[in-house]
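After this come two complexes, each holding chain A, first together with chain B and then together with chain C.
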Partner chain A sequence: MFDVLTENFDAFASGLWVTTRLVFASFVVALVLGTVVAALRVAPVRAMQAAGAVYVEIFRNTPLLVLLFISFAGLRRAEVDISAWTAGIASLGVYTSAYVAEALRSGVAAVSRGQIEAGLSLGFSYAAVLRRIVLPQAFRTVIAPLASVTIAMVKNSAIVGASLLALPDLLKEARIVNSNTFQTTEAFFWAAVGYLLLTATATVVFRALESRYAIHR
Partner chain B sequence: MGYLFDPENWEWLGTDNNLRFLLEAFLVNLEIAVIAMVLALAIGLGLALLSIAGNAFVRRGAKVWVDVFRNLPLIFLILYLALTIPESVRDFWADNAPGFLPDALRSRLVLAGIGGLVLYNSAVLAEIMRAGILSLDRGQREAAAALGMSYRQQMRFVVLPQGLRRMVPATVSQLITLNKDTTLVSIIAIQEVVRSGRILSQTAGNPFAGGGDVEAPILQVMIFIGLLFVLVNFGLSRLSRLLEVREGRRTAAPAASVAGVEETVAVAEAR
Partner chain C sequence: MSRRRWVPVAAVAMVMALAGAGCGGDDEGGGSEGTSQGSGQSQKSFEAGTTMARIADKGEIRIGVKYDVPPFGFKNPRNNQIEGFDIDFGKAVAQELGVKPTFVEAISDNRIPFITDGTVDLVLSTMTINEERAQEIGFTDPYFIARGRILTKEGSDIKGVDDLAGKKVCTALGSTYEETLKKQAPRADLRLVDTYSECLELIQNGAVDAVSTDDVILTGMIIQDDSLALVPGEELTVEPYGGGFKRGDTKFAEFLNGVLEKYKSDGRWQRAYDKWLGQYTKEEQKPPDATLDQALQGEVT
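Let's look at the complex of A and B:
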């Protein structure tokens, strides 16, 4: 059991590191895009709301695997020079951003209407009200849903690795170890430990954030 | 943009049997989703009941099982099963699968695909059901006990009908996720829609591979497949919202939510 880990430690460690970087980079993309889309969805302009809604419905309802094929094989076929990393981070980030936007929107809805009106009547622009008054509170109410989204993203990162050959993530390293050693259960067991380690870390970090910043309503 | 909307790159959709080829493959995805959902619901209910059982040992075991399998990547489970399900079991399935199933569902690896989907989703659904049951006021069960009902009767007539009703929106949301996840079985070479799309993009326009003379670029093929999923899943999410509203009118219960699934859906909508 342990010899599979010790003899292939470098492979597992580098796989874990690739998965971690993939998740981190995609999380940043998802957070930025998700915030923009959530802002669109609560904007006072009808067209902006509709654009935000269409974005969410498209990316939430399309399989990640299909997004990966579009962004890598599809774009390359269209002679766009995109790397596996860019395609992987963009796909996972855009896919997750739809869920982030939905979570944030519910957080925005939890901020009382009176605060927005008060801000506007003090002469803040709508963007300033969102940025200085509404979003800071919205983020603090949706820490728990964001934790779920992040854990789902750790799991979904394995789809990115399974579909893009040039991205040697934890699952792919486990498959390589398996084909070298023929010890399938051991190889997958240690990869599972790696994934549970990542999801457990995310849980602990978000729980800490929650106990420090969360507003319960 | 010119490339994307160039009518020449969409011509494949109307030629030969391409459209029919993709739609038939998409049907396989929907069938896999339905089969996996039915099995996952049944097993998930069992796991949920175990995770609220009176025996602490059983409860602990069920919780660990659920937490492990809902926190592992689904594709991880599918690939593991594809590598470890014994040859004899696969052969048995390939030889004895009921004839009314489409070819893709009688292939030897389909057990790994559906097995992975069921393993993962039964754990997720068990957690949703557990939250639904636990969101129910304690007094309900105590009242049932006071009326002289046995544990089994309390569950069957009082707790489950109310608890399970509360998890309908979360379950539909998970069904949408499951529907998207059926594409993952393409990675173990089961011919569903994504795999068919790849085959189409490689063979159409290639006379040596038996295709016609109109090429099917993978970008356009995959966008079309994506739209199929958006269509079906959007319909499902509308249905879920409809159910939510109806439930909300009937019962005004406190909300409870389940973590770890992609979307945190309140198990019981308070509105």
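Let's look at the complex of A and C:
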């Protein structure tokens, strides 16, 4: 069991590092885009709401693997020189951002309507009401759902490595170890441990955020 | 509850219909595949008790081939016929026996069981001759020598395996080329994917600089996209293909090798090569003259 890990430690370590960078960069993309889209969805303008809804429905209802193909093979064929890294981060980020947007929207919905009206009547612009009053509270209520989204994203990152992007992520390195050693159970066991390290870290971070910021109603 | 009473009746009817359809399908399958090049020839006679006599009595030879490896064995989407280099040689064998050939799909995983359990009489499915397989089945002399090659876009600056250093090279995860490339081009940036069609996509859209695997598979890619070309002269591995049959059937082996000799010497081999490979790769190749023993010893060049 342990010899598969020690003999192929470099492979597993580099795979874990690739997955970590991929997940981290995608998370930043997802958080930024998700916040913008959530703001659109709760905006007082019909067209903005519709744009936000269309964005969410497109990216939440498209398989990640299809997004990866379109963003990589499709764009490259359209003469856009996109790298496997960029395509991977963009696809995973955009895909996850739809879920982040929905989580945030639920958080916004949880902030009572009266606060928005109070803010507006005090002369705040709608953007300022969102930024200063609603979103800070929304973020607090959505820490737990965001943790779920993040954990799902860590696991979805394996699809990036399995796609034609051929990024040497943790799962791909495990499959290479498997094809070299034929020790299937061990290779995938250690890959699972690697993913568990990442998801456990995410869980611990979100727990800490929750105990510090969460609103208990 | 009249509905319930009908269930067994319906089931029996269905089984009978399926069984009937199954039989019909088999006969028809043989008929449609067998372009029966042997028809019109007189019945040939073979020494009683040999595999040849048994096949001649039956009137058909069952040959296991690939259905998805152009240009060796593939289903032509235009006419739904099985075609390719392996199929042409299979037809030549059938003609020599005076029977019609029936082609059966044999993938890499089941072709050896197909031989040992008698599902097929012969396998012609891009099968590399090696010692491990020779423990299970009999081989003919090599009828084709495939080679591990490098495919690039035309005009690429990759001229050989040494130029792969620092370049992105695609091959299939778990294939023998993963190991071969790690040994012969240790500084290449390997991109390992699940299927060769993904490698084709990656080289077409410029995400990798080269693809490496059997020249037979690479030729299939050139047929798809003629802006791709083989790197001339560079060979990573040598893969002699042999026909497979039941182990120890020496009379059948002699017969098949005789057919192969004739096939090679009267120009049919060359015509098949030009038709299925040469016109796409713009390369020339002579029929292989290596023997089975040389192939097993790894002495084929």
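Rule of thumb we're sticking to: the second predicted complex is superposed on the first by the 213 of 217 C-alpha atoms of A that agree within 3 Å, B and C clash if a C-alpha of one lies under 4 Å from a C-alpha of the other, contacts with A are read in each partner's own complex, and residues count from 1 in each chain.
One rule holds in what follows: a contact is a pair of C-beta atoms (placed from the backbone, for glycine too) under 8 Å apart; a residue touches a chain by one contact, two chains touch by 3 or more.
On a predicted model such as this, the values are computed, not experimentally measured, just so you know.
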item	value
Room on chain A for both chain B and chain C (clash or fit)	fit
Partner chain(s) touched by A:Asn61 [first = chain B, second = chain C, both, neither]	first
Contacts of A:Ala147 with chain B and chain C, given as first, second, both or neither	first
Touched partner set for A:Thr199, first chain B, second chain C, both or neither	first
Touching partner for A:Ile159 - first (chain B), second (chain C), both, neither	first
Which superposed partner A:Ala84 touches (first chain B, second chain C, both, neither)	second
Partner chain(s) touched by A:Ile176 [first = chain B, second = chain C, both, neither]	second
First, second, both or neither for A:Phe188, with chain B first and chain C second	first
Per-residue touch tally on chain A - higher for chain B or for chain C	B
Partner chain in contact with A:Ala73 - chain B first, chain C second, else both or neither	both
Least C-alpha distance (whole Å) that remains between chain C and chain B when both complexes are overlaid	5
Common interface positions of chain A, toward chain B and toward chain C	73, 77, 162, 175
Chain C-touching residues of chain A, taken from the complex the two chains share	72-73, 76-77, 81, 84, 162, 164, 166, 172, 175-176, 179-180
Residue numbers on chain C that touch chain A, as the complex places them	170, 173-174, 178-179, 191-194, 198, 201-202, 204-207
Interfacial residue positions of chain B with respect to chain A in the complex	3-4, 68, 71-76, 79-80, 83-84, 176, 180-181, 183-184, 186-187, 194, 197-198, 201, 217-220, 222-223, 225-226, 229-230, 233-234, 237, 257, 259-264
For the chain A and chain B complex, residues of the former touching the latter	57-58, 60-67, 69-70, 73-75, 77-79, 99, 102-103, 144-145, 147-149, 151-152, 154-159, 162-163, 171, 175, 178, 184-185, 188, 191-192, 195-196, 199
